[in-house]
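I have a structure here, written as structure tokens, and I will follow up with some questions on it.
Chain nomenclature is as follows: A, B, C, D and E, assigned in order of appearance, with residue numbering initiated at 1 for each chain independently.
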Amino acid sequence: GGGGDATTTASGAGGGDTAKTELRLGFFPNITHSTALVGVKKGFFEKALGANVTLKTATFNAGPAATEAIFSDAIDATYIGPNPAINAWSKSKGQAIKIVAGSASGGVYLIVKPEINSAADLKGKKIATPQLGNTQDVALRFWLQQQGLKTDTKGGGDVSILPQENAQTLQTFATGDIDGAWVPEPFASRLIQESKGKILVDESELWPNKQFVITHLIVRQQFLKEHPDIVKKLIEGHVEANAYISSDPAGAKEAINAELQDLSGKPLKPEVLDSAFKNITFTNDPLASTLITSADHAQKVGLLDPVDLNGIYDLKILNEVLSAKGQQAVSDK
Amino acid sequence: MTAPTKELRSSRTDGHEPAVRLDAVSKVYGRDLLALDRVTLTAGRGEFVCLLGASGCGKSTLLNLVAGLDHATAGEIDTKGGRIAMMFQEPALFPWLTVSANIELALRVTGKGKSTTKKERRARAAELLEIVHLGGFGAKRPHELSGGMRQRVALARALAQEADVLLMDEPFGALDAMTRDLLHDELERIWRERELTVLFVTHNVREAVRLGDRVVLLSSRPGTVIQEFPITLDRPRRTDSGEVAGLAATITDRLRQEVLRHAKPARRPVATGARGDG
Amino acid sequence: MTAPTKELRSSRTDGHEPAVRLDAVSKVYGRDLLALDRVTLTAGRGEFVCLLGASGCGKSTLLNLVAGLDHATAGEIDTKGGRIAMMFQEPALFPWLTVSANIELALRVTGKGKSTTKKERRARAAELLEIVHLGGFGAKRPHELSGGMRQRVALARALAQEADVLLMDEPFGALDAMTRDLLHDELERIWRERELTVLFVTHNVREAVRLGDRVVLLSSRPGTVIQEFPITLDRPRRTDSGEVAGLAATITDRLRQEVLRHAKPARRPVATGARGDG
Amino acid sequence: MTTTEISQSIAGLDALELSTRERRGLASRIWSRAWPMISAIVLVLAVWEVVVLSGWRPEYVLPGPITVLGELGDRLGDGEFYNAVFTTMRRAIVGFALAVLVGLVVGAAVSRVRPLRAAFGSLITGLQTMPSIAWFPLAILLFKLSESAILFVVVLGAAPSIANGLIAGVDYTPPILLRAGHILGLRRLALYRHVILPASLPSFLSGLKQGWAFAWRSLMAGELLVIIAHQTSIGEQLDNARELSDAPGLLATMIVILVIGIVVDMCFGAADNALRRRWGLDQPVG
Amino acid sequence: MTTTEISQSIAGLDALELSTRERRGLASRIWSRAWPMISAIVLVLAVWEVVVLSGWRPEYVLPGPITVLGELGDRLGDGEFYNAVFTTMRRAIVGFALAVLVGLVVGAAVSRVRPLRAAFGSLITGLQTMPSIAWFPLAILLFKLSESAILFVVVLGAAPSIANGLIAGVDYTPPILLRAGHILGLRRLALYRHVILPASLPSFLSGLKQGWAFAWRSLMAGELLVIIAHQTSIGEQLDNARELSDAPGLLATMIVILVIGIVVDMCFGAADNALRRRWGLDQPVG
């Protein structure tokens, strides 16, 4: 495929390393995408890509748009959550994308009204999730199933699950229309701080090593085939950014808020940023096992047709980069 | 059928209480088109007044003012004669209603019509359509009628209103002589029966003499009353009678003078003369 | 001004090549309203044919068919006479154009008009407005004119088309006698100059006699030709001349018979007779 | 032949023609309306298939008509689908009916009361341009997580359009008809009911059509607002298809939306044709 | 007084009246149009404040007018805001202009060519009911992440409406005018240009108005499609405010959208009034 318009000129023109090439990178203006925010703000990507590759960024508000862009050859790589990645993989029958690195983990909670103290109290209550069949939705359903509470995909059962946008969840929780929500940061922190919610479940408690994937980096397979060198540089920048975040959290937070301000005009409130940032771990490990387990759970609660995730990961480059830095390799199992 | 005697009905205003009175009424359109210039005119209760005048002299404007559809620029208009019905120069039928429904609507809104049932109104509409010789056309829609037929429906609708004052703007302009004669008779009969006050605009001088108690001549733009002719011929009159023809000839002559006075410099340069709107 | 001699112009069709020919033309509206019943009629090139008939007898329908605006149910229509202009029963002016622009549009579209400049057309429109005695009204919009004035604009527009066949549907119905006389003269002059073929519908028998080479009488619904009167009076004729009046009286009598034949059972029950659409 | 004979024979002919016309009516008339549509559909499908076959984009991005129609067929075989259509149609119809009511009242008031018009006239178009999502917070504030919240969004989307259609109709009512009504003694509400409303009908009808489109689009957005137990809806399906990057599902849902839109338009079209026939606007021209 | 004197004196009076009228024009006429609007605004703000003061909902869910106007004021003081308005208006105008072009061509073709109408007539309304998000994948597919993708969505949103307005206008053109045009020798394109288009102008204008609303709403959605670096837009601000549950920001953005909608409506209103005056539709009735 070849690019047609101004923003995509040189891409796909062939693997000429000397020619000036472009890397079109997508991400969301969202704290779980901090690796990208920091990487862009602090110039880690640009530095890694060098003079011959121009970085073009595109921001999206949600996974589907990013997937559409990848499918349509409009971007080459993007930070994205686990669900859209699985969807992109399964819908394209393993042709469209590869996960090349992990980015963030954790930071997902079941926040409930103060009077709710246990799973049993949830009977007859309304709990929101961001989207039917997404990671949080599946996690909630699976957890409730384990607690012996019945649910169905239409909001019926012992606990009524209402998929709605996170922004709407903030409002409906504040007005008391829902009793709780299984949401990622920064919404979890906002529910706690603005509407006196409390944490009933920390999702990381449910996973081995208290880690599970929430953001990772995917690339277009075609691009990966044609420009493995550029992908490698991208991953180098990615690893640099994550290293910076763990070495200088304060500086990272500053960079994150500055970039958010740039992109959406509004930075996060410091206390929200602090609390959210604390709850998320930034890691290069895509935590492959958690993705596979999550997909398994989704099948169990009836939200996903059986899907073969074999080959969704391509961590060869990441491991090269990591070993060059003397870090431990990650696994795709 | 208890019509007042002819003598009483056809008399001039003098003794009567006026039903319509215009006092030095002027009308300016836009900035400077003077359409009516201090027109003073009175129609007594039960009087049949015909208005004659050249094309564009302000006859329709005058009727509109009397009907209260437009406001006079100067002067006063009194219409104490009761409720007003009007037949416009165009039929102005409602295209979304059948012919019968157009008339029924008028029956429904007006006076005693309010207490009638739909069936009564339908029957009455059919009667009115018979009067204008359109029996059997009640179910048609206006666009299915010929020009003259539409005009007759408009007449039936105006009659349906059972008003006290009837303003008619060239009501029979699109009719052949025969139909016109028949309708003259009908109109005269209804006028007598209901003691209507009628203001009747026409270009047909014989028609004016045939119907009117009085014929009022308007000058060309700006319109103003130049002469009034009381018509004292006995009723019923006939359009083709010698008396009517004679009187009509007199009035036509007077009208001709008036038109010629305005159209002074013959054909082509008539325009500057005819403008008169400066 | 090189008008052919009067004798030649006012003759009947016989020798001439026909400009308009209707052969057993019938028109049915909807399912069963027979408006025209096997009408056969010919107008020679340069002939002035007047159509007379009661209201609703199908005159407008006939003109529409000749103009090609509607399709005959049966029969054949030939219009070899060249381009056709038409004046409708209503003015049918374009409300979004000024009076002058309405005429200019006609000038622009028609024949040689295509090669004229905007300025020439404007000047020509002003001339035409003078002819219908509306000089100085070019900048007005149709709604600012009186009924009769609009009709005259429509006439000017029809003349602007410089067609060979002119269909006119009660063109002077809304005009006073004086203006009408003046326009009769103008129309006759233009007819002579341009060797027009004219089909002229009117309710005014005198007007028909004043203008026509031939007067065709149509019966009431369904319309069909009942009689033709060749008018051999010398031109120029005058509407109020004795000869015209005499001939008009004859024709009126014939018309009256016809109408009475149809309207058999007097006033009220006329309806069933007048329906005739079964 | 006498006149009566002629007219009888014509009536006879007419009856003859009529019966054939009606016989044609059952096949030929439908056919004459259907063939352009069918050929259009075939054409579109063909072009689509050619584009897909050309390999311009992989199947998972731009699936071919066969895949999509297969997907659609699967759905048509599933009871869930009819539930979704039913739920959405119910909401659309209820919301639209409410919007018509509101639009009628607002349009009538604003079009005839001068200060109201000066105050709110332009606000109507202003409201019309407000995207549905902007109303979500307010909808939830007012109606909690109930179906009423969805209807609220639908009404806010469609009513301005309907009001505007009415206002345009009122503004363009021929003055001569208003005068005729006035002379008949019709005032205010009666004038409205007997003259202005019927005279504005064509414009009102086209406002209704636009209103339907607004209502439907608002509904598609609004159905994501509240997901009510055991009720799938078309809006939800559309969103899910997009969320799951399910191109065939998305296209199938789009086809469903198109078909519903076309059917609704045909209803409006029928009303419109009836109106034009009655008003005599369908006369031949030349 | 002779006639000329009278008409002169009337002209004089008229001139007098005119000058006062014009002097009033500068203050009073604006005032007479403005006061109902101002009072409406004051009324709305008052009701709003009362509701907020009543403590019905917490301030962060339903902020009061003062907070919101403060927020709006902040934005008005910020260059960013004008950039956003400028970007969005530019897109709206370009998209709308394209939509007018497309709508005009499609409307003209469909309204007069019978098979086209049978084939695509109903499809137009069908397209109109298609929510913008359904077009996103196609837009990205065709135009990548460029401004063209946004414009594509805007045109698809607005053009059907404009085409429908034109079609309705054509359908309701009085046959007598068509006949007059036909007799003048106007055929096809010329008939279109000189008769049908001007006669449909009122309906077309109202279609344009609806089209603008569709264009704007599609734009608000479409601006989320591609966020082009360093170009904020109103659509984006609206979504951000929502995403961040920033109630004052959301309301401030809604006010901006309303104001733009109102201003645009006033432009259409001015065109409309001019049209009605020229056509003589503003005559007194009684």
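Basically, contacts are C-beta pairs under 8 Å (C-beta built on N, C-alpha and C of every residue); 3 or more make two chains touch, one makes a residue touch a chain.
Quantities reported herein were computed from a predicted structural model and do not represent experimental measurements.
Engineer: Chain by chain, through touching neighbours only, how many steps does the shortest route from chain A to chain C take?
Structural biologist: 2
Engineer: In contact with chain A and with chain B at once: which chains are those? Just list them.
Structural biologist: A chain counts here if it touches both chain A and chain B, which gives D, E.
Engineer: Which two chains are joined by the greatest number of C-beta pairs in contact?
Structural biologist: Per-pair contact counts point to D-E as the maximum.
Engineer: Report the chain whose CA-based centre is farthest from the CA-based centre of chain C.
Structural biologist: Result for max centroid distance from chain C is chain A.
Engineer: Whole-Å distance, chain B centre to chain E centre, using C-alpha means?
Structural biologist: 46
Engineer: Go ahead and note the Å separation of the Cα centroids belonging to chain A and chain E.
Structural biologist: 40
Engineer: With centres defined as the mean C-alpha position, give me the chain B-chain C separation in Å.
Structural biologist: It comes to 26 Å between the two C-alpha centres.
Engineer: Could you list which residues of chain E touch at least two other chains?
Structural biologist: 57, 61, 136-137, 141, 179, 182, 239, 242, 280, 283, 285-286
Engineer: Going by the touch rule set out above, which residues of chain B reach two or more other chains?
Structural biologist: Expected reply: 67, 69, 90, 144, 277.
Engineer: Note the residues in chain A that touch 2 or more other chains, in rising order.
Structural biologist: Where chain A meets two or more other chains at a single residue, that happens at 68, 71-72, 171, 175.
Engineer: Pull out all the chain pairs that touch, please.
Structural biologist: A-D, A-E, B-C, B-D, B-E, C-D, C-E, D-E
Engineer: For the complex, which residues does chain E have touching chain B?
Structural biologist: On the chain E side, the touching residues are 3-4, 6-7, 10-11, 14, 18, 283-286.
Engineer: What residues on chain E touch chain C, complex-wise?
Structural biologist: 176-177, 179-180, 182-186, 190, 194-195, 198-199, 201, 278-280, 283
Engineer: Which residues, counting only chain E, touch chain A once they are in their complex?
Structural biologist: Those residues of chain E that touch chain A are 57-58, 60-61, 80, 136-137, 140-141, 143-146, 148, 224-227, 229-230, 232, 236-237, 239-246, 249.
Engineer: Quick check on the complex: what are the chain E residues that touch chain D?
Structural biologist: It is residues 32-37, 39-40, 57, 61-62, 115-134, 136-137, 141, 160-161, 164-165, 168, 171-175, 178-179, 182, 202-203, 205-207, 209-210, 212-214, 216-217, 220-221, 235, 238-239, 242, 247, 250, 253-254, 257-262, 264-266, 268-269, 272, 276, 280-283, 285-286 of chain E that touch chain D.
Engineer: For chain C, which residues are in contact with chain D within the complex?
Structural biologist: These residues of chain C touch chain D: 26, 28, 31-32, 34, 37-38, 67-71, 73, 222, 224, 276-278.
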